[in-house]
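Chain lettering (A, B, C and D) follows the sequence in which the chains are written, and residue indices restart at 1 in each chain.
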Amino acid sequence: MSFVKEVSKWILAGIDGVIESIEDDDINMMIEAILGAKDGKILLIGTGRSGFVGRAFALRLMHLGFNVYVSGETITPALSPEDLVMVLSGSGTTTTVVAQAEVAKKIGSKVVAVTSHPDSPLAKCADDIVVVKGRTKVDQIRDYEGRQIRGEYDNAPLGTMFELSVMVFLDSVIAELMQKLGIHEIDLRRRHANTE
Amino acid sequence: MSFVKEVSKWILAGIDGVIESIEDDDINMMIEAILGAKDGKILLIGTGRSGFVGRAFALRLMHLGFNVYVSGETITPALSPEDLVMVLSGSGTTTTVVAQAEVAKKIGSKVVAVTSHPDSPLAKCADDIVVVKGRTKVDQIRDYEGRQIRGEYDNAPLGTMFELSVMVFLDSVIAELMQKLGIHEIDLRRRHANTE
Amino acid sequence: MSFVKEVSKWILAGIDGVIESIEDDDINMMIEAILGAKDGKILLIGTGRSGFVGRAFALRLMHLGFNVYVSGETITPALSPEDLVMVLSGSGTTTTVVAQAEVAKKIGSKVVAVTSHPDSPLAKCADDIVVVKGRTKVDQIRDYEGRQIRGEYDNAPLGTMFELSVMVFLDSVIAELMQKLGIHEIDLRRRHANTE
Amino acid sequence: MSFVKEVSKWILAGIDGVIESIEDDDINMMIEAILGAKDGKILLIGTGRSGFVGRAFALRLMHLGFNVYVSGETITPALSPEDLVMVLSGSGTTTTVVAQAEVAKKIGSKVVAVTSHPDSPLAKCADDIVVVKGRTKVDQIRDYEGRQIRGEYDNAPLGTMFELSVMVFLDSVIAELMQKLGIHEIDLRRRHANTE
């Protein structure tokens, strides 16, 4: 087997273990929080690769009919207490991300953090957290933009397992949301079968 | 087991099957193409969720020292024949993506397409292709922006399996590139072990 | 006087002439169209520097309480017939921009084009146009992304006068919208006086 | 004359006054700094509307052959001491912007700030500043993302005069750079004449 495929298998086994370890209660809390924001807004916050995972999830939420926004784009509307803020950060320490979460919390929006570190500043600020392991070391230097400028690249590819696990996990959350919202037209099982 | 975790397991099995089915020759070709662009530029092209997967890969390539750009950002430099263009599109039919690939080919840059459809317009235009199954149905309507405006949302979540498989696959390609480039400091195996 | 200041004076005189030449009827039509979209959505479309001018305008519209979106960002919701689409393109020929305008027109959204060329494909597709001179030559090659990749850079800095004139014009439109909407807290005259 | 045109004339007179008041020495310093970065990188930093003005300038610098990047995009390479960082901020207090400037300064890159406030944190951190009046009041709340989330919209349209003045000023700087670099093909005077 080629080295690339071998690595893929390791990664997939790793993701499996990471998702396995997520608390079912956390998953249910997240799904309730999202369904509860059906009449409000959902804001996704994340930087770097976690930001891209957040954007991919935001697109799906939009497809399901949610009123969703992404931090860092031109249009980010004012939050209100009915809104849900979902923050993705493996380390839970990225300065700008934590700062935005704190602002959201002061406004009274519900803040749900997805992070590897339940003791991180982000986790402490959040109303609820979903712990997704996969990031083993909290970076000393916390600011994402600062690390980019300094060339301190996320200790590449540390973070990969967190980002991939969150991406698969959130697409699975989409599947449950579709079921709960009665969006029948796409049968995920059948689609899955089709792709093999 | 919660429904979300059940779906995750289906998805992971699906990704495993998809990556298993990639031709080893295609993988080797892609890795040679990337290594061959060490002194030139690499441009990543993709829209929607494939675009986010491309950006996540672009970040890692930058971390490895490549001179990489992403279509659709402010700064996209002129291509030249020494450059590599990597195009991610499950359907291989997205109008703007195919148009950009054709321009790149006329300039003489090497165009490598990652797509589910070896007979698509994108695949026909590319110098080389990596077939990543996962997208079973080519959309009738081809333009991404047009579909967004019309609210024809990618037949959500069709495409998920392609996007996730490509993301895992490309992170595995990063692992091989690190090995070939002698970037030792991150031992992917150990990192993987740490995250479980 | 330094050369830079001399050029600024030429540019400002040029913008003055360009805005002078805009038809009052076109201005009134645009303002009515925007006010008419108070309960719907407004989508701004543009690429390159015109895209940045559009984003700057979109931010101000959001500040005034409009439900506004920008093409090319993660979240672009489906259009409906009650919505307003504003398209900024000096040449009126940029392929992707015209394509999006045509999709919007088919849906039945109102399409208002801001362009130098009343005979351009964009102008022909639009419901209404605001002619803002400043772009004297229609580019032979029409696709923005294609030109970027080829290094055919907009015949730099051709286009500057269109982009600057539209930016000043649209900020003046904001002033009238503030007046019509009774947004008193910012007195533009006083603010202007303060800045001299 | 329509109200919109009247406002445009005020704005243009205001921009004229603002650019008139820029120190010639500051302009020369900026132009030397840019020309001095011909073999390095130039990074543009700014948020909100100042960010769009920075992006429009970055595009032109790229057209002139500079190796330019924009903060906040996917690809932002590591800085080095030979690089130039240009920061646009009317208030000079935006938290994320100041933080990035400080990181750049520590690395040893040359930091040039364009701001209304020579006593602001940004100005104090910069190696050199270009004072562009137009922003009369420093916002109490300093973080841009925070203000967006809270719906505290920049006291709209406070800031307009700064942003427009900087945009016209920087396009005039482009004209001088073209002259100094011997980029003849576009005669700015003639182009200007054409557009009236």
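Note that a residue touches a chain if its C-beta (ideal position, glycine included) is under 8 Å from a C-beta of that chain, and two chains touch if they have at least 3 such contacts.
Values in this document were obtained by computation on a predicted structure and should not be read as measured data.
Participant: If you match contact pairs by residue number, which of A-B, B-C or B-D shares over half of them with A-D?
Facilitator: More than half of the contact pairs of A-D reappear in B-C.
Participant: Quick check: more C-beta contact pairs in C-D or A-C?
Facilitator: Taking the two pairs in turn, the one with more contacts turns out to be C-D.
Participant: So how far apart, in whole Å, are subunit A and subunit C when each is placed at the average of its C-alpha atoms?
Facilitator: Here subunit A and subunit C have centroids separated by 35 Å.
Participant: Could you tell me the distance, in whole angstrom, between the mean C-alpha positions of subunit B and subunit C?
Facilitator: Roughly 34 Å, centre to centre.
Participant: Calculate how many whole Å lie between the centre of subunit C and the centre of subunit D, each centre taken as the average of the chain's C-alpha atoms.
Facilitator: Their C-alpha centroids are separated by 21 Å.
Participant: Got the subunit B residues that touch at least 2 other chains?
Facilitator: Answer for subunit B, listing residues that touch two or more other chains: 55, 59, 62, 77, 153.
Participant: Sort out for me which residues of subunit D touch subunit A in the complex.
Facilitator: Subunit D reaches subunit A through residues 43, 71-72, 76-79, 95-96, 99-100, 103-104, 107, 143, 145-146, 148-153.
Participant: For the complex, which residues does subunit D have touching subunit B?
Facilitator: These residues of subunit D touch subunit B: 55, 58-59, 62, 68-70, 73-75, 77.
Participant: Which of the residues in subunit A come into contact with subunit B in the complex?
Facilitator: Touch residues, subunit A against subunit B: 2-5, 7-12, 14-20, 22, 24, 27-28, 31, 48-49, 52-53, 55-56, 59-60, 62-64, 133-136, 153-158, 160-164, 167-169, 171-176, 178-179, 186, 188-189, 191-192, 194-196.
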